[in-house]
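Everything below concerns the one structure shown next.
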Amino acid sequence: MIKIPVGILGATGTVGQRFIQLLADHPWFEVTAVAASERSAGQRYESACHWLLPEPMPDQVRDLLVQPPTPGLDCRIVFSSLPSKVAAQVEAPLAEAGYAVCSNASTHRMDPDVPLLIPEVNPDHTGLIEVQRRERGRRGLIVTSANCSSTQLVLSLKPLQDAFGVKRLYVTTMQAVSGAGYPGVASLDILSNVVPYIGGEEPKLESEPQKMLGRIKEGDIVPADFVSSAQCNRVPVRDGHLECVSIEFASKPDVGQIVAALESFRAPVEVADLPSTPEVPIVVRTEEDRPQPILDRDAGRGYAVSVGRIRPCALFDYKFVLLGHNTLRGAAGGAIHNAELLVSQGWIE
Amino acid sequence: MIKIPVGILGATGTVGQRFIQLLADHPWFEVTAVAASERSAGQRYESACHWLLPEPMPDQVRDLLVQPPTPGLDCRIVFSSLPSKVAAQVEAPLAEAGYAVCSNASTHRMDPDVPLLIPEVNPDHTGLIEVQRRERGRRGLIVTSANCSSTQLVLSLKPLQDAFGVKRLYVTTMQAVSGAGYPGVASLDILSNVVPYIGGEEPKLESEPQKMLGRIKEGDIVPADFVSSAQCNRVPVRDGHLECVSIEFASKPDVGQIVAALESFRAPVEVADLPSTPEVPIVVRTEEDRPQPILDRDAGRGYAVSVGRIRPCALFDYKFVLLGHNTLRGAAGGAIHNAELLVSQGWIE
Amino acid sequence: MIKIPVGILGATGTVGQRFIQLLADHPWFEVTAVAASERSAGQRYESACHWLLPEPMPDQVRDLLVQPPTPGLDCRIVFSSLPSKVAAQVEAPLAEAGYAVCSNASTHRMDPDVPLLIPEVNPDHTGLIEVQRRERGRRGLIVTSANCSSTQLVLSLKPLQDAFGVKRLYVTTMQAVSGAGYPGVASLDILSNVVPYIGGEEPKLESEPQKMLGRIKEGDIVPADFVSSAQCNRVPVRDGHLECVSIEFASKPDVGQIVAALESFRAPVEVADLPSTPEVPIVVRTEEDRPQPILDRDAGRGYAVSVGRIRPCALFDYKFVLLGHNTLRGAAGGAIHNAELLVSQGWIE
Amino acid sequence: MIKIPVGILGATGTVGQRFIQLLADHPWFEVTAVAASERSAGQRYESACHWLLPEPMPDQVRDLLVQPPTPGLDCRIVFSSLPSKVAAQVEAPLAEAGYAVCSNASTHRMDPDVPLLIPEVNPDHTGLIEVQRRERGRRGLIVTSANCSSTQLVLSLKPLQDAFGVKRLYVTTMQAVSGAGYPGVASLDILSNVVPYIGGEEPKLESEPQKMLGRIKEGDIVPADFVSSAQCNRVPVRDGHLECVSIEFASKPDVGQIVAALESFRAPVEVADLPSTPEVPIVVRTEEDRPQPILDRDAGRGYAVSVGRIRPCALFDYKFVLLGHNTLRGAAGGAIHNAELLVSQGWIE
C-alpha cells in the first residue's frame, strides 16, 4: 500500500514531536512535510527542533526542511498543533486549497460546520464536512479534536449518555504539565505546588463535551442537553490528566449497570478496525486507589481511558475518577485517529 | 506568668514534633511531658525521635523521658496526635483522671458530647464539656480538632453560612503528603503522580463540617442542615491542602457580597486575643491563579486560610478555591488554639 | 523449544515484580514458581502482591501459590531479589540442592568463588562456578549481579579499562527512588529534596567494579588494580541512576579515542546473541545536557547505558556523565541476562 | 539613624524580589529606587512585577516607578541582579557616576581590580577599590558577590584553607531550580529528572574560589594555589544547593581537627556585628544523612552553610557534603552583606 503523505503544522513543538513519533511507523501515513513558525523555516528539522521525547527522532524526518504553514506543502493531510492565533490564520486557507486539516488547535472546534471528532463517539459528525464544503466552497476540509480534558471525559461519558442520559455534570481536573507544551509551566510554579488555574480550560470543558455528544440534524449539531461545571488545576505530574467527576442521570442506574455500560463499550464497527482504535476504549479499575497517572496512562497504548472509584454521590447520582493520556489520546493521537476515520470514510480521495 | 504544663501524646510523630516546635515559645504553655508508644518509652526524647522539621529541636524537650500515654503525666493539658485506634484506648482514661485532652485524633470527634472545635467558628461548643462531665463523671475533658481538610473548609464557610446559608456543598481536595505523617506516603506512589484516594477522608469531610457549623440546643449539637459531597486526592506537594469548592446558598449573594463576607470576617471578641488567632482569618486573593500551596500556606503564620477564584458556578451558585496549612492550622496549631480557648474560658482551673 | 522453568525469590517486591514482567514473554524462560517471606506464603500471587508496574500482571502468574524460598520449588533456575539477610539464609541451601541461583542480593557478591557477572564484561568469570562446586560440593550454583550503580559504571568502564587502563576513579551518584524498593523512600524525605546518603552504597561502589573488571587466575579473581571513591545521593527521580565520573588512565587517550572506544564496544560473540543483550551496549550522547534520566534510561530497552559530556578534567584525565536504568539493567534485567549466559555456556543441564 | 537609600537593578526578577524582601526591614538600608529593563520602565513596581515570594510584597515599594538602570537613580548603593550582558553595559557607568554597585552578576567578578567578596572570608579584598578608583577615575565602586555554588563552597573552605592548606578540590553539585531565575527551568525538563549541565557554571566554580581565597599583594589578588574540578547538575529541588566535595590538604588533619576548624570558625571582628552576619557561619551536622536542602537551607536565616558526612576519601584526603541557601546567602543576601561591609569600612561616605 502506498502511504498517504502527511504534513505537521507546529512540527517543532511538543505535540508536533509526538505527531512525528506516532507517525513513524504508521501503516497508512508517511510524514513528508513539516511546517513551523518563520523562525524555524528553512532549517533542517533536526536542527530546528529541540527534541524532547525519549524515543529517538525518526530518521525519515531529520532532513526535511521546515516550511511555512501555507499551501505548497507536499502532502494530502495536515496535522495542526499550532497555537490558536496562528491556526486562525493558516488552517482555513489550507482547507480551501484542498488539504484535509486535522487540527488539535482550539480555533475552529466550536464552528458550527466543523466536526469536533472522537471516532468511537461521533463518527457521523463528519457529515458536517459536506456543509463546510458546500457553504464555504472548500475543496479540502477541517476536522478538529477536542481539548485533552474534554476528550477523555467524553469518551467515558458516551456509553453513560447513551444508556442513562447525562443531566448534570461536575468535574475537577488535575492536569499534567505536558499539556502546556514546552517550555510551558515553569518549574518554580509547579515543583511541590498546585496551580488552581489553566487559562481558557474551564470554558472548553464546559462546552466541548455537549457538542461532541450532540447529534446531527439537518446539517447542524444539536448539542447534548446537559449543564456542566469545571474546575481545572495544574499538578506536578509529567503526563496523564486525572478528573474527579460527578454525574446526575436522567434514568437511575445502579453501580453494576454503570460498570457494565463502561466495560462493554466498544467502538462502532466502522471504527473498530482503524489502526489507532484501542480494543477496549474504557478500562474500569476496581482497586480503591486507581486510576493513577503513573500506572494507568498507558492503558491501550495511551488511547484508552481508565475509570475507577465508581460510587454514589450525595449531591449527584454517582461520582468516579477518570484518567487519560493527555498527549496521546488527548492530543496528537486523537488527531491521527480522526485522520484514519476520514480515510476509511472516503473523505480523502 | 507561670506557664501551664502541657504534655504531648504521640510526641515523636510528625504532628507531635510540630506541637513541640509550636509550643517552644508559647506565652501560656510549657512542654513538661512527652508520651509515645511503648517502643519509645523510657528513652530521652532526643534519642527516641527522628526529628524532621527544619527548625531545630527545642532544647527544653531534648532530655524529657518518653512516657506511656497514661495518667501519671506531669501536666494539666495533653495534646494528642495519636493514631485513632490508640487514642480510643488512652484519651478517655486521661480525661477521667482530670487532664484536659485536646485531641487531633478522629476517635471522639463525632461523639455527641465532645466539642469539635475551631475557636473562630464555634467557641460556644465548649458548652458540651458540661454534658461530658456530668454524664460521664469526668473530672477532665476532651475537645477535638477536625480533620485538616474539614478545618480549613469550615473556617471559610463560617461567614458564608452566617450570611447566606449553605444548602449544598461540593468539594474536591488536593492534599499534601505531610498530612499522612511519616513515613506516610511512599515516594514511588506520589512522585510525578496523583493518588485519587485517601482512606477515611471523604466521610470525614462530608460530616465534620455540619457538626462544627451546628448550634447547641439543650446540650446537644444540632448539625448544620446542608448536604455535601467530597472527592479527596493526594498530590506531590509537601505542605498545604488545596480545595475546589462549589456552594449553593439559601439566599443568593452576588460576588461582591461573598468577598465582603469573607474579608470582613473576624474572630469573636473572646477569641481575637488568643495567642494563635490570626488577625485576618480569611485572606481573599484576587489573582486568577491563587491561592497556591507554596505561596499562600503561610498566610497568618499558617493559621489563616486563603480563598481565591470566586466566580459563578453553572451547577451551584458559586465556586472558589481554598487553601490552608494542613500541619499548622490543620493539625497541631488547631489543637493548641483550642487549648488557648479552654484556658481563656476558664475550663482549665 | 520447551522453556526452562524458573522461580522468583522475593516475588512480591518491586524487583520481584520486574522479574515477572520481564519474564512474561521471555523466549527461554517460564515462571513456574514464586516465593516470598512467610507472611505471603500460601496465598495466590495475585492476592499476595501489591502490583506496582504500569504493565498489567501477566496472567500466567496470577494463580501461582506463593511458597517459602526453600528447596522444593518446581524450577531449575531461581532469581533472587531477597533482602541480603534473608538471602544469606536461603541462597546457599538452594544452590546445594541443585538450583542455579541468579541473585541480585548483595550477600554473596564478594565471595571469592562466586561470579559477579555482567555478560558483556566478564563472561569468563563463570569459571568460578567450577571452584564453587568442587570446594563446596554444590550441585547447583550461585552467580550474582552487582549493585545497580556498579553495574552501569562497569559497563561503561570495560572498553576504557581494556584500551587505556583505569588508574583512579571518582564517582558521585544521583540515584532514583525505585532503587530503594517499596515503600522505600518516604515522600517527605525526597519531595523537592536530596538525601546525600544511601546506606551501604558507597562501599559497594568502591569494591564491586574492581572484582568485575578483574581477571581469573588459577581459580581466583585478581581484582582490577585501581582505587576509587564514591559519594552517593538519592534524588527525586522515579527511575534512572545518573553518575558524574572522573577517571585517570594509565595511557592518555584523547577525547576522540575515548568516544571511539565506547561507541565501538560490542558484546563478545558468545554474548551478542543472548535475548537480553542490547545491540549497542553503550550509547554516546553529544548534546551538552545529556544523558538525562527521563530521556535516556530506556536506551536499548533499558539494557544500554548512556554516556555524555566527555571532557577533560583538571584533576583526573577525563570526566563524563553516565546513566542507566536501575531496575532494568541494574536489577532484574541484569540477573536474567546472567541466567541467559549460564544457559548458553551449558551450566544449566 | 537615617537609612541609606539603595536601589535594585533587575528589581522585577526573582533575585530582585529577594533583594526587596530582605531589605524591607533592614536596619541600615531603605529601598528608594527600582530599575529594570525598558519593557517595565515607567510602570509602578506593583504592576511591573510578577511577585513570586510567599512573603507579601512590602508596601514601601509598591508605588515606586520602575526606572532604567542608568545614573539618575535616587540612591547611594545599587544592588544588581542583572543578566551579565546587561550588567556589562550599565554597572561601570553607574560606578563612574558615584554609585556603590554591589553586583550579583558575573560580569566583573574576575576583573583584577574588582573585589569578589564574602565578608567572613576576605573583607580585606575591598582594598582593590582603591586601585579601581585610581586607575579608572571612578567616583563610586563595584564589588561583586560570587556564583551561589562558589559562595557556599568558599565559606566552608576558608577555615580549612587557613588551617591545612587546600591543594586539590573536587566538587559535584546538585543545584536547585531557583538558581535559574523565573521562568528559568521548564518543568518538563526537571520533574522526576536531573539535568547534568548548567551553562557556564563549572568554569565559575573552578576559578572564583581561588580568587576569593587569594591574598592581596601590591594591589593585585594572588589567587589561592589549588586546582579544582567541578561537575554541576540541576535537580528537582526548589531551594538549596548541595555539593559533594573531596579535598587534598597540604598538611594532613584528622577528622576531629577538620570538625574543630569548621565549628570554631567565626567572622572576623569587623564583620561579626554586621546585620546579616550569622552567629555561626558553618554548621557541622553529625547525622549520617545530613545536610539536606529541606532541613538545612535555612540554618542561620539562610546565611550559614551546613557541612556533614565528613569522612576519609580514598583518592583525596577527606570528602564531605555541603549545603547552602542559593537565593539567600548565595545571591541577594550575599550582596547585601557585602554592602554592609562597605558601610562599616567607610567606603560609603
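First chain written, first letter: the chains are A, B, C and D, and each begins at residue 1.
Definition applied: a residue touches a chain if its C-beta (ideal position, glycine included) is under 8 Å from a C-beta of that chain, and two chains touch if they have at least 3 such contacts.
All figures in this text were calculated on a predicted structure; none of them were measured in a lab.
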For this session: Determine which of the two chain pairs, B-D or B-C, is joined by the larger number of C-beta pairs in contact.
Result: B-C
Exercise. In terms of CA centroid distance, which chain is the most far removed from subunit C?
Worked result: B
For this session: Calculate how many whole Å lie between the centre of subunit B and the centre of subunit D, each centre taken as the average of the chain's C-alpha atoms.
Result: 40
Exercise. Counting in whole Å, what is the centre-to-centre distance of subunit C and subunit D, each centre being its mean C-alpha position?
Worked result: 42
Exercise. Where the centres are mean C-alpha positions, what is the separation of subunit B from subunit C, in Å?
Worked result: 48
For this session: Would you give the residues of subunit D that are in contact with at least 2 other chains, written as numbers and ranges?
Result: 52, 191-192, 236-238, 294-295
For this session: Provide the residue numbers of subunit C that touch subunit D in the complex, in ascending order.
Result: 168-170, 172, 174, 192-197, 206, 227-229, 231, 233, 235-238, 242, 244, 246, 288-295, 308-309, 313-316, 319, 321
Problem set entry | Contacting residues of subunit A [partner subunit D, same complex] | 14, 52, 177-178, 182-192, 236-238
Problem set entry | subunit B residues touching subunit D - in the complex, by the definition given at the top | 52-54, 191-192, 238, 294-298
